[in-house]
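Right after this note come the structures.
What follows is a pair of complexes built around chain A, which joins chain B in one and chain C in the other.
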Partner chain A sequence: KTWCMCSDYCTEVGILMHLWHLSSKGEHINSFLFYTKQSCAEVFPYPEVGNEEAEEIQQLVAPVEKFFAEEVDSARIDQEAKIPPETMNGLKELGLFGMQVPEEYGGLGLSNTVYARLAEITALDGSIAVTLAAHQAIGLKGILIAGNEAQKNKYLPKLASGEHIAAFCLTEPGSGSDAASIQTRATLSEDGTHYLINGSKIWISNGATADIMTVFARTEVVKDGVKADKISAFIVERAFGGVSSGKPEDKLGIRGSNTCEVAFDNVPVPVENVIGEVGGGFKVAMNILNSGRFSMGSSSAGMIKKLIELTSEYAATRKQFNRSLSEFGMIQEKFALMAVNAFVMESMAYLTAGMMDRPGLPDCSVEAAIVKIFSSEGGWICVSEALQVLGGLGYTKNYPFERYVRDCRILPIFEGTNEILRMYIALTGMQHAGKILTGKIKELKKGNIGVAFGMAGKRLKSAFGSSVDFGLTGKDGVVHPSLEESAKKFEQNVAFFGTTVESLLYRYGKSMVDEQLILKRVADVLINLYAMTAVLSRSSRSISIGARNHDHEVLLANTFCSDAYFKNNYLMTQLQKHSPENNDANIKKIAKEVLENRAYICSHPLERTF
Partner chain B sequence: MSGRVLVGVKRVIDYAVKIRVKPDNSGVVTDGVKHSMNPFCEIAVEEAVKLKEKKLIKEVVAVSCGPQQAQETIRTALAMGADRGIHVQVTGKDYETLGPLQVSKILAALAKKEDAQLIILGKQAIDDDCNQTGQMTAALLDWPQGTFASEVSMEGDKLKVVREIDGGLEMIKINTPAVVSADLRLNTPRYATLPNIMKAKKKKIANVNPADLGVDLTSRVEILRVDEPPQRQAGVKVETVDDLVGKLKDTGRI
Partner chain C sequence: MKCVRCLLQLQSLRLLGQSTRCSAQYSSLLPSASSQPGLPHSTQQQVSRSFHSSSACSKSRPVPTDFLKDQDGKKDKSLVVQKDLFEEVAKDIKTKATFNKVVEVFTKRDVRRRGHVEFIYAALKKMPEFGVERDITVYNKLLDVFPKEVFVPRNFIQRMFNHYPRQQECGVQVLEQMENYGITPNVETKVLLVQIFGDRSHPMKKYQRIMYWFPRFKHTNPFPVPRQLPEDPVDLARFSLTRIANDLDAKVTVYQVPFTDVSESGEDITCPHIVGIQSPSQMELLAQHNPSRPVFVEGPFPLWLRNTCVYYYVLRADPTPEEKKEEPYDPERCFDYPLQLDIDLERDLGDDEEFDVEDLDEGPVYAMCMSGQGDQATLNQWISGLQQTNPILGQVPTLFRLDSGPRDLQGPAETESGPRHQTDTETHNQSREEVQDEEAEEPRRTQGMKQ
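What follows is the complex of A and B.
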């Protein structure tokens, strides 16, 4: 499924033709988020877990919370830069190493939703959260989603129990974001029984402790007589020999999680250990990474909720100027910020997880990327503001705030940098709009004035924000009336966005791919739109089921939507042709001059020329 | 001997929660508040499961009295190693006034029905701090009791119990069937691991009505009012012993 924010000129017919066109090409379509009545069914109503699962969640959460409250000494883990063996054993015995491994292979077989719920708790210690995620969200995920029966039977049981630890080995010194450029090589032996892997990887979590690694390397493939160098995925056991780990990196945060270089020197890997197809490794890598991302939403939400508790205790009791801190506006604002952020992150995470749990393995990679960006950046801001409430105390190691700040800094960097993910979101979102528009643009270029007028007319209509109705509100609407204002703002944003995208594609065409500052704004609007969808859906559900404190949810939802609405409008204004609010040209010029000189180039204010 | 042990488990407000009194002073706020198994009941379950692991008894049956949510507590006991559960359904007003007298009657009836050899309970619940159920159950059944147990061992058909008492430790030997109530130092309860929780889903919980056991739930106690403990007043610093004596006299303390 990919997102497409097409403006209302995409009639039902247009959409159906487009769907037909794609399906006839054999592309698998699950749905589009066109915000027609048809697509609302994807995100409304908010996903509901079954009765059995709801009971299960209650049961599973309790012992994990208890363990983290009583047996996890985060300060010590951070200080010693390691997780003590007793704690690791406790985590293994709890069953936390095989949460998503199916029960028949010895795991818990939890759905994405339940996994996300437990991630709220494991996130309380950053080092543990990353160690567990590196092991199961990416380390063993390849075997889980692309491995064959033999591989699953052989490796999953010991990985699920934690007897073996897994790691994901993709990144190299020369290939980080540009993962497709990796140089580690796997050469097929003469007798065709095994590959020899040579190369080195860096920033590998669990690099020193992993027994089983998913390693990505280049292999020679021959297709239709043509030789090509494609990436393949391999299950590599440290026991195969030739695998060595470097010294642990001394990091700013998540210090208890092991990160190091891993070198492969003629490591023999049986051909049976190729995951999926030879040459199909890049896709496996992307699928693995896409599948784990969404849980960052619930981890960040869990962490912020905890911080709200800790920080509000302090704000309520600490007095200055004879009043408690909680009476001051600038402090209150920080709590509102944290509450809204936690609310959005939760809503997005469980909406995405719920969609992913639907039968048919829907592709929610764009949504997961959105969740990751919002949660990593929102989390970073919130921990910083929480620390600020405690002032000097927050800055010391006597309190956990500084550790949360340090642990959070990695979030916008790993699992796909936020810069790359913004590109992915923007380009994928625009790709389908582009396909529809290509036809129209050809007409335009042929000089079909009628079409041009058609477009201009629709644009005028949208510009005045009139009659924009996607069926979210009103008698048959899916959004509750108390959220009507916010839903209308959302619909307006979507309409404006549609015309904006149309205009951008017309102006830039294929060269759009190099206009990062534009794509960044497109992505930011999409992120806000998905966030608005999630809070509208979630709070609608809460009202209808009479959840406790649902009025507060409506408040949070409306506050967020109102804020996001204006931010979106500003972003989209900057995207209009010749927008005076857009400083991109200047920004690029400044950057060019600075980077050419590799320094700040202004003469010093105290220097004289006379 | 049936080799069957009944363990009572009570669902209470979690020990870490800050209790708040309802605005109408009729009780404490329980809505939306975190609940869990009474810590002393956890110790009781652990002891029963240990006895089973040592093969001294054959079956551990976890019992809880209360509304639907009591099943969660039974499930936790199952995840810790109990074999099956019995949920005695008590709801509404009956649940609000449920106390040691009613519970002990229920347990006594169940012990007879299930032909239990041993009943292990927590010494008291952390919500009402009654410390009566074990004793009453033993009296109703006319069984010996080993309360405040910090150590339990089986010697043939007798039970050796080390009890924590004011003066120190007391060791007694009692006949079975018997009632034991667990004290803090009896053992350290195991975590219900997630795999065990999943396995426990397959274990059975039977539903029972107090009426079927012939138990009358009428309470002899009426709660008039619930109040928070008085707020701790600020103290006053004094410079000398004479000042201290003076202040104590002023406030009528001496």
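What follows is the complex of A and C.
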């Protein structure tokens, strides 16, 4: 395919789309929206799987679906807070413990796309999904992406078969995202053959069941003659001795998954069990965390699709005033919401997975974070709306909805809280925009008339209603004409966002890091834009290939895009200086006054002063 | 000033027996404020303000009575009589009950309540003596002395003129004293005022003004001091220290509970209380303190809680001369997002909302304490107590810079602020003695630890 690149398109969008993450480390540019000739091809057309792979998926999906429908008793898992051994064995037999482990190590060797597809099904039981994710999305990922051949040969086969369970041990009582406050320490023994690990880790999924753990600990590294403490990653076997796990946490949701504290008391770990280099643990941790998130989109989508089935049956049969619930507008709205959300999540999840499957190990960490935020928050809303359809029934344990609500609540929390991921998305975007725009803004600040006039002219032009055209639509456009409206809205948002980011950089410069409320909005706009891109791309493809019910997809895509368009415009208006919609100063002040007193400080409305 | 003079003039003239004409001249303007908008504005205000301006009134108040005494010895006998009544009825016990009794005696003595104005003035003066100056019921009882409905204007002419000015003045004075003591009138007060003076009278207006402002001012102080301070010195110290520290994390430690004991040789040993406060952030600061630089125990510093003065001591250090080193940016600090942006752009001037604050050279305060005794031995005990949670104090030289301040701490309420202030300034003028025997300090402190 050829992509028409008019000059405007290249400058405007090019600048803006730099906002998305691209690997600054290498020359490989992999941003999904960095619309150069190559990377436009990353989002348009929507990534596809080959025929062979499609068949493979068919073969894999059917037994797993059957297993989850017949063998998994989620209510019992939730009640007993334990996954029964026969269920575990079934999962192992299906190979679900080694989905992404290459075939030469006994795994299924699935691509990210297929992995995401299976995650849709495993997500039907939150406890199983979390147990599996803790095992392979983070637990053994370290060995998989940074381990050497010997380590892979030694550990992966047993992990892939599920004979050994893996866990990821990073969080400590005093350390969440802060690497500097990690207290667990690994000291090299005198003979230099092994490290002794001391410390304790908390909230470790699979903590009590894991045989192999990826543990991060502080090590002393001498660099340029200076001693420094650096984080290193270790493969720790429970069999090494000295590993003890605490009482399982009694959790709100995902009760069947095991979460507990793990303590390390002089655990001897041979030096060959260091993952990567000594002192290189930070990168390993970051890579594992970044790569583990993308599947949450498809998981949530899978869950919502299931919920739609469950609730629509009820809505169709329950009658009030001689009309079934499904005839009431407010109930219909809930189903539309669930459908749109599931559609957007799916689109984003498989777009991201497809991009990750491209050769060259592309870094899609920002996209994965976007998917994680959107799907966790959308999932929460959908689950709660589904419960609402059933009203009081949904609130009882007779129906699975309350369990879904409880299970779902963990999504915005784990794998990096949504707040932290928003920071990541916005700051990474700002960093790239800053790289491109710094020169221009400096000129502007110096009072360069030419640049100022150029910008003013552009603003004036857009104020007089000259339409923004990045060439997504029209002749040689990548978006199908039935989505033209939505594509135009997307383009307008993008153009507005470009100027917004520019003015933000002008106003805050590098002090932006401390402007969390602003960064939150920037992240929200980026999330919406990525979601818009994903649905545009997906439904364009569906129309073009004549997928089943593609008209419904167009409907969903257009609905979502016009909704997101308004949300974006509102957010970006808030980002403008002196915007009356922007309540930030008040919000900060309220919080300050409340937090100073650590209480709600208003006097009670029934109180009297005389 | 004008209105004060005006008021004085008004009263004296009247009392001298020439009142009719003059008071008519002035007071004719008074009640008309609302009903006659055509009058010249300035005069209207001038006269009516004599009732509005509370402080002026209160200052001018004693003058007319004195004046009265000088001018007309016979008439002011009533005043003497009222005072005598208080002395008579409540000879030695001055309580609320006796005060009420006096009032009752007065009201029962004469149906016409002759001399009630003088009686009320006298009673107002006596109130603090009887300790009832903050009791709303007593004020209401006092207002109840006024005969009812007599002073309520019955027609428009009376309403226009200042009807029974002396009685109204007196009523205002009662409210005035309530105001000065911060007592909010209640509904009973209002009912009484309406019964006595009518609903457009000056006391009523005074009442309304008080009711307008008092509720609004009730919570203006974000750090209110309770009327009743804790009696126990330890509790008082705890209260005062949390008040100074204003940190919800700060922890109060009682290092020593006060007790008296008799030693073997038969001497009385009094151990003063030692109560200290320290917040986690102060502990952190202290832990970072450079051990080669000394820390100081300074004090006593006064803290006023209403009319009680307590004294506290601080453990502090000199301001560090070297600039604080900023922690270098570690790109491997946060697992999830970059903590710094690598952009060569500063915050725009238009968005820089920070104030330019001049740095004051004030050293960090690490802890505070209050003690029953301000001598070095006692404070040393505090430091050794602190050392248990702040081990660095074992290495840091501790210097005592104590003023020989007042020893009788918690000399409660009775002491007026005036003289105490004076002693404070005196002690501050005395040269500070610096005790610098660290060598001698160490063993003593460890002794203290052993105890």
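Here is the rule we go by: the second predicted complex is superposed on the first by the 565 of 610 C-alpha atoms of A that agree within 3 Å, B and C clash if a C-alpha of one lies under 4 Å from a C-alpha of the other, contacts with A are read in each partner's own complex, and residues count from 1 in each chain.
As a working rule, a contact is a pair of C-beta atoms (placed from the backbone, for glycine too) under 8 Å apart; a residue touches a chain by one contact, two chains touch by 3 or more.
Please read these numbers as outputs of a predicted model, since none were measured by experiment.
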Exercise. Regarding the shared-chain residue A:108, is it in contact with chain B (first), chain C (second), both, or neither?
Worked result: first
Exercise. After lining up the shared chain so the two structures overlap, which partner does A:178 touch, if you call chain B first and chain C second: first, second, both or neither?
Worked result: second
For this session: For A:586, select first, second, both or neither according to whether it touches chain B, chain C, the two together, or no partner.
Result: neither
For this session: Applying the touch criterion given at the start, work out whether A:322 contacts chain B, chain C, both or neither, answering first, second, both or neither.
Result: neither
Problem set entry | Residue contacts with chain A in the superposition, chain B compared against chain C | C
Exercise. So, does A:51 touch the first partner chain B, the second partner chain C, both, or neither?
Worked result: neither
For this session: Have a look at where A:66 lands relative to chain B and chain C in the superposition and call it first, second, both or neither.
Result: first
For this session: Examine A:548 and indicate which partner it touches, taking first as chain B and second as chain C; both and neither are also allowed.
Result: first
Problem set entry | Contacts of A:90 with chain B and chain C, given as first, second, both or neither | first
Problem set entry | Partner chain A, residues of chain C touching it in the complex | 184, 186, 211, 214-216, 218-219, 248, 330, 332-348, 350-351
Problem set entry | Residue ranges of chain B touching chain A (in the complex, touch as defined) | 16, 31-32, 36, 72, 75-76, 79, 191-195, 197-198, 201
Exercise. Can you list the chain A residues touching chain C in their complex?
Worked result: 170, 177-180, 230-231, 282, 285-286, 289, 416, 420-421, 423-424, 427-428, 430-431, 434-435, 438, 441-442, 445, 505-513, 577, 598, 603, 609-610
Exercise. Chain B touches which residues of chain A in the complex?
Worked result: 55-56, 58-60, 62-64, 66-67, 69, 90, 93-96, 99, 103, 108-109, 548
